Structure formats: structure tokens, C-alpha cells
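Next come the structures, one after another.
In the two complexes that follow, subunit A is the common piece, with subunit B as its partner first and subunit C second.
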Partner chain A sequence: MSRLDRTRTSPHQLRPFFSSQNLLNRSDGSAQFDFGGSSVLCSVTGPAEVKLRDEKLDKATLEVVVRPLVGLPGVKDKALERNIRETLEPLVLSGLHPRTLVQIVVQTMKDDGSIASTAFNAAIMALLDAGIPLSSILGSVTCTIDSQTNDILLDPTTEELAQAKSTHVFVFDNKASIHAEDKSSMDHDQASSTQESSSAAVLFSDSTGLFTEGEYLECAHVCFKAAQAVHGFIRTAVEKKLLKEYQQTSA
Partner chain B sequence: MASEPTNLAISPAFTFSASTFQKLHPLEYFRKFASQGVRPDGRLLSSFRPTTVHYGVITTADGSAMVRMGGTTVVCGVKAEVAEPRLHAPDQGYLVPNVELSPICSSAFRPGAPSEQAQVVSEQIHRVLQESKVLDLKELCIEEGKAVWSLWVDVVCVSYDGNICDAALTSVMAALSNVRIRKPTYEEGVVKVAGVDLLDDENSFRLNLARTPLSVSFALLDTDLILLADPNSAEESISQGQIVITLDETGQLCAVSKVGAASSSQQLLKQCIERARERSQELRRIMNQEQ
Partner chain C sequence: MKELDSSTNEREFLLAALRDGARIDGRNFYDFRTLRLSFGEDYGAVEVQLGNTRVLAKVSCEVIRPYADKPTEGFLMFNTEMSPMASTVFEIGRPTDEEVLVSRLIEKAMRRSRALDTEGLCIVAGEKVWSIRVDIHFLDHDGNLIDAACIAAITALLHFRRPDVTVVGEEATIHTLEQRNPVPLSVHHIPICVSFAFFDNGERVIVDPTHLEEQIKEGDMTYTLNVHKEVCALSKAGGIAMELDQILQCSKIAVIKVAEITAQIQAALEADAKKR
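For the complex of A and B:
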């Protein structure tokens, strides 16, 4: 079955990833993350001075600013800001930098669907680039259920989103995926799909539309598997960057 | 007499009242209750606050409702206005929800531009109404390409004590079911809405709601992943995450959101959906009773 964008052959196929870190030289860390035609640029400044009003005595304050592709930020962007902030808060070891500010600015560069997931992935890569201490890495994938075929389509484009029955955004941390890897390597035959999906601990989930509980859990399972690819990609990207830095310093 | 020194040793150097302890260590105060399976306000961890729904509380609005959930009170009014349709959707009306959290309802809110929380709740309601296809916007068309109804759905919080999501969506759905709009006439570019005579089935129409989604919220305490149904504002301020499940009357899911806190297992989400099913049925009973 071919997808609407005609570049993919399977409903569970993701668009090609692309990322690059350290693009902006006036921020402490930055990253761009692409899912095919969707692209988000993210910058991180911090730990920096915090406004007295936002100061927290025992941890760093996280501030997320979302800038849309065109026009002024609206209610949708505010909702995404809050979602990104509350998802990153438990991941950032903010206790290490009390009474400081970590500011994350998310700028959409190209919009072809799955912007929320792209923004999540860009934000975590920018935090890694800025060297902010993290307890784990997140990976995000969006999926939709098609209104005509009832298929689960991963990483939908704008066109596919327009004819979706429901849309689901998931974020998983890599603790669960490491756990699943260990499990599948230990008892390869017994690793049934139910075991895997029960280990899929959800960090963030946002679903709208009309769907059943079964469909929701199925989507969570499919996205969990796809998020492994995102985790792997982020890992290789960071490894490559560190290798390059090491070569430069030792040369 | 021999026991006196030991008594002195275990009695602390100073003591404070329960209310002082609550202010100094809100989380620890709450944990003391939670370990016994109850909450400071006397509820069980899984129980909801008493809820009431009243219809038609604002006579000047085309539809209105007031919802109380414990200490949270919200009023929702729907006002219909004739407007010009958008170019790309000439036969569709507008449905514009807006939630206002002004300083009148709690000292936590400042005057001025709408707070982030108010915007997030507005967006949640907007998305549920739109993506779950609650109302066919084509029904709000008066004359294609010329005039449509624009429904302003305004939710004002009068008293804030947590769980604004559930209260706001319940009041919106109740107010929408209460809407009665005068039948308009369209003649040569002029929309006429008849005079002041009493509204009846002849000269007015009701909205044809395809479904009634209602949301059920839970707060998550991070460290031990305790699930709190229908959190009040004190519980919201110490919780790290929230789960909101929105269901329609057939038990179909309309929205699921889990934000904040560490990873939660699928088991926990399933448990929430299960609890939300029961609660939304109960809410529906309350809504139908009052109607």
C-alpha cells in the first residue's frame, strides 16, 4: 500500500530523519530536527539568570517558547509550549542548577505534519548540545488512524492529517527501550507483543479524534516501536558529534 | 517517674498545628493522608467531588449552564451572532470556545492577558469540539457564502478549586445542549431575526449535537505514582502530572492526554480509562437529571 506522499510504501514507515546540532553560535546549544518535509529549529540558553518572579529555590526554571511558521504565536503554540515544558521537566536534572533559567526556543521552519513530535525531538537534541544534565532521552512519534481504511499511519503528512479519524502524539523515554532491548535479547522467543507493549511506559501522550481503547493501545504499541528508531538515531547523531569534537581537540 | 526522661526525649523541641504543617510541607502533609488511603478533604483517592449542573442560568444568553465540582464553579454562556463565513468554507459557521480565569476566581491568577492555563483549557475544548465532530458546522449556515451563525462559547470561572478541564467541558456541553436560537430569514442580503415574542419550537431551533464528550481528570504524584481523581487546587499544586480522558456517551474515546510526571505504564492508563468510563456515566446522569 502506498502512502499519500508517494515516497513511502508502508503505513508504518517513517519519513527520513535529519538532524544537525550546534547551528546557532549565540546560544548555548541548538539543534535542527527534520521528519521529511517537517523541520524544527530549537535553541537552548542556560543555565542563565532567572527573573525573580520565576525563581525556584531548589531547582532550575524551565521556559519554553514556541514560535509558529507564520504569524504570531497563538493558543495552539501556548498548548505546545506547556506540553514540551511539562514533559522535559522530569527529564532535566534541574536540581543541579537551582535558581537559574533554562530557556528553550522552538521555531518551526517547515510544516508538513507531525510538528509536535519534531519539536520534542529537536528540543531534546538541543538540550544535549547545550550540555544540560538529563536523566534520560526522549523520542517522539505521531500517528493517525485513517478515516477510510482504518490503518495506523505513522509520521503523517499534512495531507494525511486532514483525512485522519484520530491523531496520536506519543513520547517515550529511552529507559523503557533499554529495558525492552534487554528483555528481547534474553528471551528472544518469548518476547511477545503484549510483553513489549506493557513495558512501553508513556512519557507524554496526546490523542484527539474518535477512537476506541483498543485502537489507542495499538497506536501506543506501534509508536513505541517507531520511537526506538528515533532513540537510535539521536544516539548515533550524538556519538558522531562527540567523535568529531574528540578528533578536533586531539588533532 | 522513671518514664519521664524518655518521654521528654521523644517529644520534639517544638510542635506546630496541622495547618502550619500543611503550609510548610504541603507534599509531606498530603503523603501522611495518602498513606492511610484518604485525602485531606476526606475523599478517597479515587472519589470525585459532588457535582451539580444547572441549565439556563443566564437569561440574556442563547444557552447557558453553571457547573459546580466541589469548590470549583464555572458558568458558560453561548451567544449566537450573525457573521460572514470564511472564503474557504462558505457554508460553515463558527464555534469559538474561550475560557476565562480572572482574579475573581482565585488569587493565583493575575489580571491582564489570559494565563497559559486558560489558553491551554480553551485549546483543549476547541480541539475536542472540532476533532470529535460534536456539531456539524454546516447546520449553522444561514445563506451559503453570505451569512452564518457564529457561536461564542464563553466559560467564566467564578470560583477556582482545581480540575478546571472537567468543569469547563461539562459546562460547555451543557450550555450547547441548552441553546435555542431564533430562526432567521434571509432576504436580499439582509438577515432578519424575528422580534421579542416567546421562543417555541415554531420560531427557534436547537443544536443537533452528534455526541456529548465529557472529560475526567486525574492528577499524578510523581514519586510513587499515586493517582488522584478530580484533584482540587491544593492537590494540583503538588502533583507533577495529569491524565485527562474524554469519552462520549457510547464509551468511545474522544481525547486522551497525559502530561508531565515520569513515564507511566499502560496499565495505569488503562486503569484511568476504566475509572473515566464510570465517572462519565455518572456525570451524564447528573446532566440529564437537571435538564
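For the complex of A and C:
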């Protein structure tokens, strides 16, 4: 079965990832993350001076600004700001930098669906680039249930989103995928799908549209598997970057 | 967040270098930094890199009802809101002086110089016109945002294609990009901004200042010209007083720079058109 964007053959296929870190000079960390035709640039400044009004005595304040590609920020962007902030807050070890500000700016560069997931992934890569202490890494994937075929389509394009019965955004942390990796390397048969799902730490889940409980769990399971690919990708990207930095400093 | 001033050492070094006829990034006084233009997959998306300064422009269009007193005029709007991504001095919802100045100058350079034929955006007089919107996103601020934004805006407008329309009587049909080839906007001329910074009471004049140079400068001026040597705007908002012949000297430099940049924009657009 071919997808609407005609480049993918399977409904569970993600578009090709692309990322680059440290693109901007004026911020402490930055990263671009692409899912095919969708691209998000994210910058991180921090730990920096915080406004007295926002100061927290025991931890750093996290501020997220989301900028749309076209027009002024609206309700959707404000909602995404809040979602990103509340998902990242437990990941950032903010107790290490009390009374400071960590500011994250998310800018959409190209929009072809799954922007929320792209933004989550870009944000975590920018935080890594800025050297903000984190407890774990997140990975995000979006899926839709098609209104005609009832298929679960991963990483939908704008066209596919328009035909969707329901849309689900999931964010998983990488503790679960490390766990699943260990398990599958130890014993392939034991790592059954139910165990995988039960060990999955869902950091964020946002669903719109009509769907059944079974469909939702199926989506969660499919997205969890796909998120492991995202985790793996982020890991490789960071490894490559560190290796390059190490080579530069030792040369 | 407040911005730190440059240190005395940095300032002294930069000024000493200028007096020796050199700039700290190795450029000559009248050199632009390397200009890179990259286009997105869809029409009207351009990313401009001028040295370390980075600007993204995105053009979009929609059909709206015109003003009753100007029934055949289309709309051209610019959004130049700056986010903290470019620099932490920019805060959401509180425009800095620099931001206001940049947005005013872009407006003057593009809209008031009539670079775009707004009459050509009319579909049905008094009923339907195109509204063209240019969103300019500042991603990285290393000085001379005006020139970078101006290049990004005009290149995006030249790159943009709007959906084709057929009008039968009062009925207008808008064709999707698949049905008919989209049409380019009619751009009358290509206004380009060239910014100057002055040091040592106007004795030293440089083109395309970096962020550090902008912090230390004593005055600035921006020429907006097109390739036909027509002045579209001239802005000197404060700073030190300048001799008239120095201003004329600047105009001669600007003419050369505008020709270079226009040629580069056109070459980039042609290269992109071939790829599609």
C-alpha cells in the first residue's frame, strides 16, 4: 500500500530524519530536526538571568516560545508551548540551576504535518547541544487513523492529517527503550509486545478525534516502536557530535 | 534579557584596526560578508545567510475583500516580529527600538517604493483581491539585520508563485497548484538595502557592519536603491552629523553593492528554477 506522499510504502514507515546541531551563534544551543518535509529549528539560552516575577527559589524556570511559520502566534502555538514546557520540566534537572532561566525558542521552518513531534525532538536536541543537564531523552512520533481505511499511519503529512479520523501525538522517554533494547538482546522471545508497552514511559500523549480504547493502545504501541528509532537517531547524532568535538580538541 | 556592552579591549582593538585600514573579520571597508541564499521546497520560502546573520522569509497569500475606497488594490503585508532566537534582547510582545526601525525600513523599502504591483493582485474589483503576506523570521543576529531582511523579503517575493485564477463575469475560480501552473507576482524593481556604519566622527565608513561593529559605531545610514540607480529610501536615524559629500560617496558605493547583490539574487533564482 502506498502512502499519500508516494515516497513511503508502509503505513508504519517514518519519513527520513535529518538533524543538525549548533547552527546558531547567538544562543547557547540550537538544533534543527526534520521529518521529511517538516522542519523545526530550536534554540536554547540558559542558564541565564531570570525576571524577578518568574524566579523560582529552588529550581530553574523553563520558558518555551513557539513561533509559527506564517502569521502571528495563535492558540495552537500557545498550546504547543505549554505542552513542550510541561513535558520537558520533569526531564530537565532544574534543581541544579536555581533562580535561573532556560529559554527555548521553537521556530517552524517548513510545515508538512507532524509539527508537534518535530518540535519535541528539536527541543531535546537543542537542550543537549546547550549542555542543560537532563535526566533522560525524549523521542516523539505522531500517528493518525485514516478515516477510510482505518489504518494507523505513522508520521503523517499535511494531506494525510486532513483525511484522518483521529490524530495521536506521543512522547516517550528513552529509559523504556534502553530497557527494551536490553531485554531483546538478552532474550528475543521474552520481550513480548505487552511487556514492551507496559515498560514504556509515556511523557506526553495528545489525541484528537474519535477512536476506541483498543485503537488508542494500538497507536501507542506502534508509536512506541517508532520512537525507539528516533531515540536511536538522537543517540547517534549526539555520539557523532561528541566524537567530532573530541577530535577537534585533541587535534 | 539585557545585553552586555562590548568590552573596552574589544572596542579599542576594533577601532585601532579600523585606523590601520582593517576590519577584524578580514574584510575591506566596503565588502559585504558572504551571502548565501537557499530556497525551500515550496514557493516563497527563502533562507538568507549574511555571514553569521540568518533570516528566513516566507511568503503566503489569501483572498480577501479590498477596502471600499481602493477597490482594485491588493494587499502587501510584512511581519517582522523578532523572537528571542536571534538574540536574547528581543522579548515577545515588547518590540525594541531596533525592531521598530527594521520593520519601518522594510515597509519603506518594499511597499512604499512600489516594488510589488498591488493593482495586479486584483481578482474582481471591489470583491476579491489577493493579500500577500511576508513573514520575516530572524534566526541569528550578527549585525545588519536590515540588509539581510530586505534581501530575504524581495527574493522570497520573486520566488513566490500564487495560484492561477480565471474570472468569468463575477465568478472567480482559484486553481490548485496541480490543476494549473501557479503564476509569479509582478515585481516592478528589486530594492536592495545597503547599510553603512560610521566611526571616528565619520572619517571611517564601513559597509555591512557585524554585531560588534554595530555596538561600537557612532552613526549609521541605510541606502535603499535598485539596480537602475534609483533611490527608494534613505534612512539616517540619528548618530553623528555627516558631511554631504560623504553621503554622496556612500551612494556611489551603494550603487556598486546593489548591482552585485541583484546579480547574485537573480543567479540564485535561475539556478533554483532550473532544478524544479
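Of note:
In this text, the second predicted complex is superposed on the first by the 251 of 251 C-alpha atoms of A that agree within 3 Å, B and C clash if a C-alpha of one lies under 4 Å from a C-alpha of the other, contacts with A are read in each partner's own complex, and residues count from 1 in each chain.
Throughout what follows, contacts are C-beta pairs under 8 Å (C-beta built on N, C-alpha and C of every residue); 3 or more make two chains touch, one makes a residue touch a chain.
Everything numeric in this text was worked out from a predicted model, so none of it was measured.
Once subunit A is used to superpose the two complexes, subunit B occupies space next to subunit C without a clash. Looking at the shared chain after the overlay, A:Lys110 reaches subunit C, while subunit B stays out of its contact range.
Touch criterion not met for A:Ala237: it reaches neither subunit B nor subunit C.
In the overlay built on the shared chain, the residue A:Leu217 is in contact with subunit B alone; subunit C does not reach it. By the document's definition of touching, of the two partners only subunit C reaches A:Leu72; subunit B does not. For the combined model, the angle formed at the CA centre of subunit A by lines to the CA centres of subunit B and subunit C equals 100 degrees after rounding to the nearest 10.
After overlaying the two complexes on the shared chain, residue contacts for A:Thr45 are found with subunit C alone; subunit B is out of touch.
By the touch criterion stated above, A:Ser27 is placed in contact with subunit C alone, subunit B being left untouched.
In the superposed pair of complexes, A:Met125 makes contact with neither subunit B nor subunit C.
Once chain A of one complex is fitted onto chain A of the other, the partner contacts of A:Leu154 are absent, as it touches neither subunit B nor subunit C.
More residues of subunit A lie in contact with B than with the other chain of the pair subunit B and subunit C.
No C-alpha atom of subunit B lies closer than 8 Å to any C-alpha atom of subunit C in the overlay.
The contact sets of subunit A with subunit B and with subunit C never meet. Of all the residues in subunit A, the ones that touch subunit B in their complex are 75-76, 78-79, 81-83, 86-87, 89-90, 166-167, 172-173, 175-176, 197-198, 200-213, 216-217, 220. Subunit B contributes residues 116, 119-120, 122-124, 126-128, 131-133, 222, 240-241, 248, 252-267, 269-270, 273 to its touches with subunit A in the complex.
If you check the complex, the residues on subunit A that touch subunit C are 23-27, 37, 41, 43, 45, 48-49, 65, 67, 69-72, 101, 103, 105, 107, 109-110.
Those residues of subunit C lying in contact with subunit A across their complex are 1-2, 40-42, 45, 47, 52, 54, 56, 58, 60, 79, 81, 83-88, 92, 133, 135, 137, 139-142, 211.
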